[in-house]
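Please find the structures below.
Here come two complexes built around chain A, the first alongside chain B, the second alongside chain C.
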Partner chain A sequence: MGGAYLPDLTLVLPEGILVVTAFLILMTGVFRKSTNPQVQQRFGHVALSGLIVALGALIFYHHPAERWISFEGQLLQDDFVYLGKILILSGSAAVVGISLASMLKEHLLSFEYCALILLATVGMLLMVGANDFLSLFMGLEIQSLSLYVLVALKRDQTIASEAALKYFVLGALATCFYLYGASLMYGFSGSTNFEAIATIIRMESAGNFPLSLFMSLIFIMASFSFKISAVPFHMWTPDVYQGSPTPITAFIAATPKIAAMLVFLRLMLEPFMTLYDEWQSLVAFLSLFSMVLGAFAALRQTDLKRLLAYSAIGQMGYMLLGVVAGTDEGIQAVLIYLTLYLVMIIGTFACLLCLRGKGSYGVQNIEDLAGISTLHPKVSFALAIFMFSLAGIPPLGGFFAKLYIFKAALSAGFFGLAIAGALASVVAAYYYLKIVKVMYFDDAPKVPSASYGQIVVLPLKMALILNACALVTLLFFVFPNPILEIVQRAAFTFSG
Partner chain B sequence: MTTTTLIFYILSGVLLSSAVMVVTTKNTVYGVLFLILAFFNAAGLFILAHAEFLAMILIVVYVGAVAVLFLFVVMMVNMETKKSQRMDRRYLLMGIFVGGVLVLELVVVFMSWNTSPEAFELIFAPQDGLSNTHALGALLYTHYALIFQAAGLILLIAMIGAIILTLRQRENVLKQKIGDQLARQAKDSVQMVDISPTSSFRNLESLDDSATPRGRTSRVS
Partner chain C sequence: METLAVLVVFLPLLGAILSSVLDHRSSQAVTCGLMALAAIFASILFVKVGLQEKTLLIPLFTWIHVEFFEVSWGLQVDSLSLVMMAVLTLISFLVHVYSVGYMKGDRSIPRFMAYLSLFTFFMLTLVTAPNFLQMFFGWEGVGLCSYLLIGYWYDRESANAAAMKAFLVNRVGDIGFVLGVLTIFVLFGTVDFLSVFELVEDYKDETFTFFGGHYHALTLATLFFFVGAMGKSAQIGLHTWLPDAMEAPTPVSALIHAATMVTAGVFLVVRISPLLEYAPLAREFITLIGAVTALMAATIACVQNDIKRIIAYSTCSQLGYMFMAAGLSGYSASMLHLTTHAFFKALLFLSAGSVIHAMSDEYNIQKMGGIWKYVPLTYVLMWIGSLALAGIPFFSGFYSKDMILEVDWVSNLPVGKVAFVFGISAAVLTAFYAWRLLLLTFQGAPRADEAVMSHIHESPLIMLIPLMVLGAGSLFSGYVLYDLFVGESTSFWGTALFVLPENEVIGAAHHVETWVKWSPILATLVGIGLAYYLYVFAKSWPERLSIAFSTVYTFLLRKWCFDEIYDWIFVRPSLKLAKVLWKEGDQKMIDGLGPNGVAALSVAGGRLLCRFQTGYVYHYAFAMIIGLVLMIGCYFWL
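Then we have the complex of A and B:
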């Protein structure tokens, strides 16, 4: 031991900035003890600027087309991780941007909220950048612990406490699965490093893999299927989506899913790539059932957030279809899908956070949207765009995302899965279009309450993010190149 | 050698029997005490295996914190001992079934267990002249510095979470503020009023509002 040891700290600069900002918010929050909404909102702005500065640092210090490893192989950054970190940071920033005003309305905005969002983002960045089962575990725990607390933020409400408890218990179980799998893997390979594990698995003769390796693979897959809420590990999703306050649902729906999906992709394609023949049928199973359940279970939902939860399950199924393909094309399709999913889901939640339904704050049920198009043509038009896009109607972004996925699946020879996916998306189109129908063709209630249909908040940040999301979704087919290029470079890290 | 073997069997014997007692004893407080005994014996086994750091951690963390916490919970929660004595047959069968499946899985895994031959090259070489704790510390603060920091972050989040979920800012509580008390001056709280001997006290009531004793107590908002 001994000797000079200083890891390349610029690799964790974005994480460092976020942690420092979170500490700053916590310390000021504790010592100022103010319940003044103005002050609370300022914390939100500090968090937002921290996220943006971190994004800037990430872009400024990135080494393109290079495998940049630090902390003795614990962390790495290549184009794939770079894309993931950009998505996560911008996604978190957008969620903070759209949530501030409505958190304030619901009296939930506190400095802890801002700090926890930042810390959760740190966890996701660590997850995506992990090159080792240990650092991955740390990232996973930082992220999930912050999320459990965020869900429980509205502790006076039974439904929120229930959601938080379910999320916590099941999430802890998933973490146990992960730990069990990772320790079996360590027992097999003597290392927790992804590269070392990949080399050792490659050295095993094909078709003669020990059982412990499979157990480990299955446990790790199960835990990440839980995190991305793929069937049959999806049970928590509708309850948590419904129970948590809408701004926090937006956060859970957007970035943690992205991070978990990226990690899933990296695990399958790097350490476990040699086991492709073994895991592809399992992932195909996850994919198929997620697509089908996401389509059928959402049909009877009346609660908008539950519906979006089932929709998310379905969307994850489509992404897993790209993972099953395992080809370069498949990886690109997954990454495109992830990018557009992030944009669409943030846009959808921005619309929901703008509008106010009957009685309570925010839109709860689908009927709350009845006739909203006459009151707010712009917001309802934007929501209609996102719904069409999620349903996969051409020429919107969501259509192309699905198109790439199906193309990749077909060229890898998964005809049955691709057909099942296409059929499931036809079924799923029903409930997306139902929302549009309710908005445009149903009459507003005869006796609207005083607050019905009012725009709760549409501050500048919200309008900006909403417009940006709508534009990306609308114009993806005209200018797909910026996204396609960065995705191609990211996918190249696996094949190249 | 024989003394070591003897100590090993004594420690593991006590460990196993106290572990059985944890599950079977009727009184939950005794159960927790048996658990602590089991932890102590496990720590002894670790010392036999020359893993003194693990032994210390086991005592400090499990006995010092976890078991004591258990004890507090068990003593605070007034449990009905009568009801728990009856064991439901369905649960018994189900438990045996699930336990059997798990045991079977473990057996299957360990029957076919093997470690990759390359794995042994990756294990850190033992360092001469360093105690266990020293070697662990040297690794923890260099090789695993990031992990160590991240673990600190996790603890911080857990703390924030515990505070958010339990701290209730009660309204209308009078709180002593020593700073305000010390800064209190006569002119803030004492009011000199000229009263002519003929006027009644009724005139004074209008002064009450301004003459509340500021500084002694103040409302927390």
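Then we have the complex of A and C:
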């Protein structure tokens, strides 16, 4: 605890660094008024350095195995939050690292982009660090508002504006759900603090919970289902993924999903843990529908980003399966899945971002990858690894992610769900493998379209990140311990 | 001695493995060298173990161990397996050497040498097996190698068809073998030869009951084994693969389809002599099948024109003789004929190969003739082989065939006399087709065209030397082995063969009436005379006869119509059934409802789900609200 007036600021040091960097970029950008790409790229590097420094600060000031609370109980940091923040910071940094070159090519790189990315990251950090419905709301909104603007960054393009508007309207609806749920919770418990709420709910006798408590639970669940795009709150996902410029899609696909899933996990396991019997069937349905829809709806997609959107819906379904289990094993499985998912999705987007057509187009459709294995064997191989991994083919990381989830679900007794999940993953394998098939077995088109992936733009930063992701995916089964250990400690937060 | 025995069996395997990684020169050198070693070791074993009337039982390792059931891998080296080992390694070595010359210029010589050596290994495993299961391993292994070698020239459609035919027909026999092993296991609880043979007297009256009928267990078991033997040894009914197997290169025909593999059936029947002695019904059946096959194959051989097919049918017929003797408890006579036959039949095949080689790959004897002066050595060797086959006195075939016919005559089984009559008739035909082949191939006016005739040349020395060794074997093996194998006071076989005292025939066979002793020779002379008359003195007769008795002639030319009947009964209906199962069952039902149906359903489901994705923001919001309401509803409902 900090002093009487000044809270312990080291807790928010990473957030502080990011905010300062963001404002630095904003101010410089506003006053320099330069369109010189060199200058823009320098902004990008500043943002990247900010993220890395923040990551360093986080690791340096972390108190392991301790519940570190500050700001009058508004924010906390424990091993679980720590893991989340590491994932978010490194994920954001990686996304910025793979995006800069592509943003530059598409004339999208600007100081606004850099500042917004940083602010969105701050929002996410606050979300996972929240210990109160109010601080959570603040983080959520900082993140969401930044994302809405990021999606609209290509404002001269109707599809991007449309996507941004849809995202904004539906996001606002989800925020309404959240606020309604949180206020109902305040009405029920008289508090917004997670710990206090948990204690109050625990004191209620089982089977005799008041209606307002349930309403609150369901509304809050619904709002976070929107954020993690669980069915039926997923409808925005394909449109936003497709409409956004690909680097922004990469960002949306990676870290906000992680943040939202972590918060969902925290809410379900801390304030609402007593209501496990009540929410598990609801989450089970969310999980089931997400897995099935993610598998089937992607079958006929031709747009790569739309396909990845459905893929994300499906993957979220698998993670929810681990949440349903609710056991220590389940939490660990979710966290492993999240970590590997982040790696795989960043790797996938790195591949897509470095493949470019002639002119300023990035690859758009599956056909744009036809026969690129002969043109760019290394990139194709990396993309094939990520696709195999997402499909869950042994011995790649994605297989173990699914394995842990199914194991957790089976040992918690959810046989039907586990079987449905396994079947859905068989269906989903079709479209992942289809990409591999198109790359390796289809012939390159005689007359390549404008977005056909002819050129590879792979600066050193990007190549490093791509290789790192591929290595983690490939070698997880050989060296799983670094990830397993940190995940075990994080999961211990709830059980211990 | 144990080490030697192990080496004999495994050196050919080593050769096969090495050959598969070497180039063609060194693979020839390695396989021939290792086979030579194996042959030398086998001869040493024969002298040191076989002639000393000892038995070696060498356990190597435990193969299967399931509760009470234990099968060990090992070698059982007794006089019976030693005879096989010695003959096998010697002939295999000669064929290996002969192949070096014969296969010259072939594209994949290492593969050929590897197959030959692998075959020898499997055959050695078969003959040295101490239990039924290991024997079955060898049994299947030789079948596999036979399949591989028949289809060796895999770019020929006929070779592939023949290979498949051999495999499928043998499969029928193999099922018999498996059933036999199972019957033995059910009856005795073990599959070890020694244990089974020790117990057999206690089980001689056991019966099995199926569907209300009682069946004598040992008869059943031995009949099952005999079905297996029929398949491998090409006995009537399951013989159709052997003539087609002549698609294989000629050295293969000599080694596998004349001298060794096809005699595995005979070996099996002899090996289970302790069981057969208590199953007189099975023995009668074996004798009958052998007699019928001997005669049938001989009749077919008389009208065929393909030089290798004639010899193939001759093999079939001679195998019939061996079964005749084995069925009548004359196991040692059967083994004697097996050995002499191995020599003279390999000689005939390899000589035929030499002729084919000389005639630029001509197989049809109607297109040969008058070539004896160009290939004198082959001609002489072919004469020796034919004399031995026909059973002219003092050639090897004479001793063994006479012994078999005498056994037929003295046997106490009623079927013996039938077998004798069939055997004598077959002997006439044997002499006839052997001389028909000789006369048409080597004598008379040349019928080949100029180009072929100008190329005729004697085979290289590397092919002739094995032929001469075999020729020596065909000359002397009968005389040398007669006393050892079937002599009145021989104790060579020891416990390897078992004959009940009341079934003893070998001793009695030495004291038959004089006319019985002379009748085979007479029959042979009649056959030779007939052949000379028809193909030297009255050359127009064969054609006139074939027209006058065209039904009989066609029937024989079509090989008793077995292929046509099988085609009609088995092949066509199963093809039809397979087509129905494939088109209707697999493609429409299983694929249609299974993989393809599910896939189509998935895609349709995907399309349906995409239809909800309208792109209108109010639809999306509506979906969210509905979702929320459903969740609330879920709570109240659950």
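Criterion: the second predicted complex is superposed on the first by the 481 of 496 C-alpha atoms of A that agree within 3 Å, B and C clash if a C-alpha of one lies under 4 Å from a C-alpha of the other, contacts with A are read in each partner's own complex, and residues count from 1 in each chain.
Just so we're on the same page, a residue touches a chain if its C-beta (ideal position, glycine included) is under 8 Å from a C-beta of that chain, and two chains touch if they have at least 3 such contacts.
Note that the coordinates shown come from a computational prediction; the quantities given were computed from them, not determined experimentally.
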Of the two partner chains, chain B (first) and chain C (second), which one does A:F177 touch, if any: first, second, both, or neither? second
Which of the two partners, first being chain B and second being chain C, lies in contact with A:V324: first, second, both, or neither? neither
Counting residues of chain A touched by each of chain B and chain C, the higher count belongs to B
- Query: Touching A:M215 in the superposition: chain B (first), chain C (second), both, neither?
  - Reply: both
*Check whether A:S189 is in contact with chain B, with chain C, with both or with neither, and answer first, second, both or neither.*
first
- Query: Where does A:I25 make contact in the superposed view: on chain B (first), on chain C (second), on both, or on neither?
  - Reply: neither
Let me test your reading of the model: by the given contact rule, A:M268 touches which partner, first (chain B), second (chain C), both or neither? neither
For A:A152 in the superposed arrangement: first (chain B), second (chain C), both or neither? first
Inquiry  = Which partner chains sit in contact with A:I336 here, chain B, chain C, both or neither? Use first/second/both/neither.
reply    = neither
Where chain B and chain C land on the same part of chain A: residues 215
Chain B residues touching chain A in their complex are 108-109, 112-116, 118-123, 127, 138-139, 142-147, 150-151, 153-154, 156-158, 160-161, 163-165, 221
Residue set of chain C touching chain A in the complex reads 599, 602-603, 605-607, 609-610, 612-613, 615, 617, 619-621, 623-624, 626-628, 630-632, 634-635, 638
Residue set of chain A touching chain B in the complex reads 1, 5, 7, 12, 19, 26, 35, 71-72, 74-75, 112, 115-116, 119, 122, 126, 134-135, 138-139, 141-142, 145-146, 148-149, 152-153, 155, 184, 187-191, 196, 199-200, 203-204, 210-212, 215
Interface with chain C, chain A side, in the complex: residues 165-166, 169-170, 173-174, 177, 214-215, 218-219, 221-222, 225-226, 231-233, 235-236, 238-239, 278, 281-282, 285, 293, 296-301, 427, 430
